[in-house]
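Take a look at the structures listed below.
Okay, so chain A shows up in both of these, paired with chain B first and chain C after.
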Partner chain A sequence: MLDLLPQFLVNGIITGALLAVPAIGFTAIFAVLRFPNFAVASHATVGAFAGFVANVTFGLPAIPSLMFAFLIAGLVGLVSDEIALKPLRRYGALTTAIASIALTIVLENVVRFFFGNDLRGYDLPLVRDIRFGDIRVNPQQLENMALAVVIMIAVFAALKFTRMGKAMRAVADNPGLADLKGIDAVMVGRVVAFVGMGLVGVGGMLFGLGTSIDPLTGFRFILPIFAAAVVGGLGSIPGAVLGAMVVGIGEEMSALVLEPAYKSAVGFFAIVLVLTFRPRGLLGERAY
Partner chain B sequence: MLSWLFSVATFAGIYALLALGINVIWGMGGMINLGMAGFFALGAYASALATGAGALPIPIGLALAAVLAALAGGLLCRLTLRLRGDYLAIVTLGFSELIRLIAANEIWMTNGSDGISGIPGPWRAELSPFQFNMLSCALVTLAVLIVWAMTERLRRSPWGRALRAIRDDDTAAAVAGKPITRFKVQAFALGAAILGLAGAFYAHYTSYIAPDIFRPLITIYIFLALTAGGTGNSTGAVVGAIAVVAVLEGSRFLEGWVSVLGGVEKAALREIVIGVALIAIMQLRPRGLLPETPPGPFLKRKDT
Partner chain C sequence: MTDVKNLFAPTRRTVMLGATALLATPAILRAQSAPITFGTLTPLTGVGGTYGPSMRDAAANVFTAVNEAGGLLGQEIDLVSEDTQTNPEAAVRAVRKLIDVDGVSVVIGTWASSITTAVAPLCWENGVMLFTVSGADSITQLPHMGYIARTQPNSVLQIEVAGDFMLRQESTGMAWIGPQTPFAQSSIDILAGQAEGAGIGMESLIYEADKSTYRSEVDTILRSNPDFIMLGGYAADSTVVLRDIWQAGYEGRIIGPAYAVNPTVLEALPAEVTEGVFTWEGAPDVGSSAYANVQASLGVEEVDPYSAQTYDHATMAVLAAAAAGDASGMAIRDALRTISQGEGDAVSDAIAGLEVLAGGGAVNYSGASGPCDFDEIGDITGTQFLFRQISGGTPSDFERV
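Right after this comes the complex of A and B.
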């Protein structure tokens, strides 16, 4: 079993990189809008299906399909937030969180209404695994990981250098002070709802590329996504990346001691463990 | 038809129990529990296994379900006590997914995703289906009445007052010398026990349980019931649960009108309606149809 360790580690890093994309979306929404948006489950599904339409119906390759997934999931995120969740935010984070579960059920069933419950797969060329000594990696996985890394670099660059990125960090750090400086928190909230849910949609499709998709695709990934965000520190974007790596590697390593079916339970135990010893996560709750 | 009505009433009763349980935790204690489906499942599986494989009598199964759910609830609450509400929301939702994962994978115990069938019901073999529905309806109604009276009584007791104080401002309550930890854990465990009891009733009435029954959807039904009825209010919880079941069952009649749609589309449409209804009620009537009123004594005393 132990000779499989390097393989598990590589798998873990790949899973972690993919997980980081939706985890950044979830944590960024928390940082600015101040509630755990459980609608990430349905937006991951929406992204996966938008990518499916682009890839299979329109015949686009993987990368333009991912962009389409980002756009559609982001638009759905923006519109549904404006209509359903924004009016509830003044009643508190928990009320909004409950409403976001209702929203996730609505959107999941909209997808089910149009696509049914069948499993669907993307139309991608099959490629042989690459071997590095004993370690086998699928080129598709490598490409997904590279994409995830590029997306992360883009997010960090946007936060660091653009006006909107700085405004977002300011609102996340201290909404009152940001308001004094004339930053339009409502506008920042809209941008975050769009970009955050767009990233979640991309994450849904990235996961779907490896397997197949159905309306419950998003729900299967919420535990690891929450875990990544909480382990790193809810609302911290570098924390989400670190948390995603911890959870991704932990999930794959768990194969040494647990049955594969319990992989996603690792996320739950990671949450409980981290919250017991470091209630604010590994990197604390600062947005950036 | 009458048999069907008794069956609907039984489900309404089970939903009312769930709403009462959540009301203790969320309405009275102010703690979010998005893991409701997990405690519901825990009770259902505990009682199904105890009375099926364990061949114990049903009342013991019910008691076991309540005790097990209370222990799990108390433990989960103790572990997460220091956390803010938004973290608690994530942990409890994760808990229910964990329970579902275990139910789907420990096949030796739970028969996996195929579920457990043939769970014994009280005198199911001796009674006709009609009589069985009637008896179930009576038993569940009795349980709802007892739990309702108990939680109403608790709400008006010093314990309920202290709990409300903690919900509204736990620092002030702590300054007033209330042991916050104990109150919160007790409230969570009590609410979880009611949820577990509801699960046991569900298992014995339907005779079949499977992991897919305990999806987060059911949690949304109950939060809808509670929000519609008025949070923090036991009567509101029961009224809300009956209203939700009436809407759910009533929508079956509408299905005849949209006969062009297949089964999957109809089911999807129904869930969309429920989700939209919850969001709409939250936006339009944030305090519910029967808002919480500060309670007086349970039985009004005559002047002495």
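Right after this comes the complex of A and C.
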């Protein structure tokens, strides 16, 4: 079985890179709005289906379709946050988190209403894996991973160099102080809801590119996304990337010691381990 | 002068009379006004969502036809349809509502075995008849007191038939890969026994459902170099597995249940991924007049096996209630085998069956899914299987056994 270790490691890195994109969105929303938004599940689905419409209905290639997925999932995130979640935020994080679960069920069923339950595949040519010795990688996976890395770099650059990025970090680190400095926390919250859910939507489509999509697509990723954010440190964006790698590689490598039927246990185990020994996560909760 | 106080003082006789009247009233009201209520519990959403709406419609059309022809036992049939969401927890909530709130005496159409296993105890404890299309052999081995009848061949029979097929196709190394389900381990055991009997190798792997990739699982199963792989999952995970197996460069043969490699999977995957894949299923009786009835009522050319079965469920529930003169779950349970098998007139729809029964005759219902004869534990007997092979994204008949 150990002969499969390098292959499992490669599989894990690819899964981790894809997981990092929605995990960044999830943790960024937590950093600024201070509640775990479980509606990421349905927004991943919305992004996957928006990308499907762009790719299959409008005939756009993968990258413009990803941009469309970002835009639509971001807009849905912004509007649903304004209508359903923002009015509840003053009642506490738990209330808002529970409302976000309700929101995800509503959005999932809206997608189901328009698209039905059928599985759908993107209109992309399927190619066989490339082999490097005993290790096989699919070109589509490499492309998805490269896209994920580019998106991550763009997010980091935006946070570091743009005015809005700095404002987001300021609100995340100390909302009171940011307010004194004249930063409009409401506007920052809107931008974060848009960008965060946009990233989650892109993540949903990136996963869909490698498989196929249905209204439950996003629901399947909610645990690894949450685990990645908790492991890295809820609210920490580099932490989300690290956490995604830990969960992605951990899930794939677990096949060496665990029955594959218990793969999800890795996510739960990572959450329990981190909450027990390092409750603030591997990188703490500083946003950046 | 009569003492006013004594006028309203309860005596033993008035209390007894009052209590008796109170107890009797709801029963009288029920008998006079409540229509007969049957329920469908199909997967309208979730991985079984491809079949659930059509399964519900096939049953609903039977009840509509019966109502239009004058009803059952002089009453209208009310149908309440609930969604299992292909999720056992949601299904348990739904069946509780059907039983406790709607008061159904029959539940029709549970699809996934995990769901049937979860809702069955609630049905038999409440005296509700459960008609199911689930295949796990463990289901009819439950202590259900006759309250379960299934029209789907059980998983033992299904796997044996498919394993025989793989051996007939001269497999030299078999593999089974699928998610954790009530029939996963029994499928592996049956296939392993057949492989051992044929002196060939057999590898198996149970994976976790609802993952976006199974690359590592595919790597693991391909280490034994199988030349024939059986898929054991449902549509969503089989799509991922088929793609991952193809991308891994596997050149051998694959067989999957028709509900897993279904038209939506063929639509979602490029044709080269499914080229040459075999499917098998308990085949509906396409030549029967009951099958033609379902075709006409659903307005489709090809009826899926599950909608054919729920048509049979609904028809058998109506005929059993009519034969018993009572639409309770217990009466339908007791009368089921008197209308599904035996020496009665052969009928293929509810209206014709009701006419025979009204004339004092006996019926033997032959359905769209097959003869609909049940053994003592509620398993169907005498089913045909259809093997198909996919070419260019389209399945075509390969063999009928």
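Keep in mind that, in the parts below, the second predicted complex is superposed on the first by the 287 of 288 C-alpha atoms of A that agree within 3 Å, B and C clash if a C-alpha of one lies under 4 Å from a C-alpha of the other, contacts with A are read in each partner's own complex, and residues count from 1 in each chain.
Note that in this section a residue touches a chain if its C-beta (ideal position, glycine included) is under 8 Å from a C-beta of that chain, and two chains touch if they have at least 3 such contacts.
Small disclaimer: the values here were computed from a predicted structure and weren't measured.
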Report clash or fit for the pair chain B and chain C bound to chain A in the combined superposed model. clash
Contact-wise, after the overlay, does A:15 reach chain B, chain C, both or neither (first, second, both, neither)? second
Quick one: classify A:212 as touching chain B (first), chain C (second), both or neither. second
I'd like to know which partner A:117 touches here: chain B for first, chain C for second, both or neither. both
With the two structures laid over each other on chain A, which partner does A:259 touch: chain B (first), chain C (second), both, or neither? both
Pick one for A:101: touches chain B only (first), chain C only (second), both, or neither. first
Just to be sure I read the superposition right, which of the two partners does A:6 touch: chain B = first, chain C = second, or both, or neither? neither
Taking the superposition on A as described, I'd like to know which of chain B and chain C A:84 touches: first, second, both or neither. first
Contact residues common to both interfaces of chain A (with chain B and with chain C): 109, 112, 116-117, 219, 259, 261-262, 264
List the residues on chain A that touch chain B in their complex, please. 30, 35-36, 38, 84, 87-88, 91, 93-95, 97-99, 101-103, 105-106, 108-110, 112-113, 116-117, 219, 222-223, 226-227, 230, 234, 259, 261-262, 264-265, 267-268, 271-272, 275-276, 279
Quick check on the complex: what are the chain A residues that touch chain C? 1, 4, 7-8, 11, 15, 109, 112, 116-121, 125-129, 131, 136, 138, 207, 210-212, 214-217, 219-221, 252, 255, 259-264
Flag every residue of chain C that touches chain A in the complex, lowest number first. 45-47, 49-50, 179-180, 205-208, 210-213, 215-217, 219-220, 223, 235-236, 239-240, 243, 246-249, 264-265, 267-270, 272-273
Residue ranges of chain B touching chain A (in the complex, touch as defined): 32, 34, 79-80, 82-83, 85-87, 89-91, 93-95, 97-98, 101, 104-105, 216-217, 219-220, 223-224, 227, 264-265, 267-269, 271-272, 274-276, 278-279, 282-283, 286
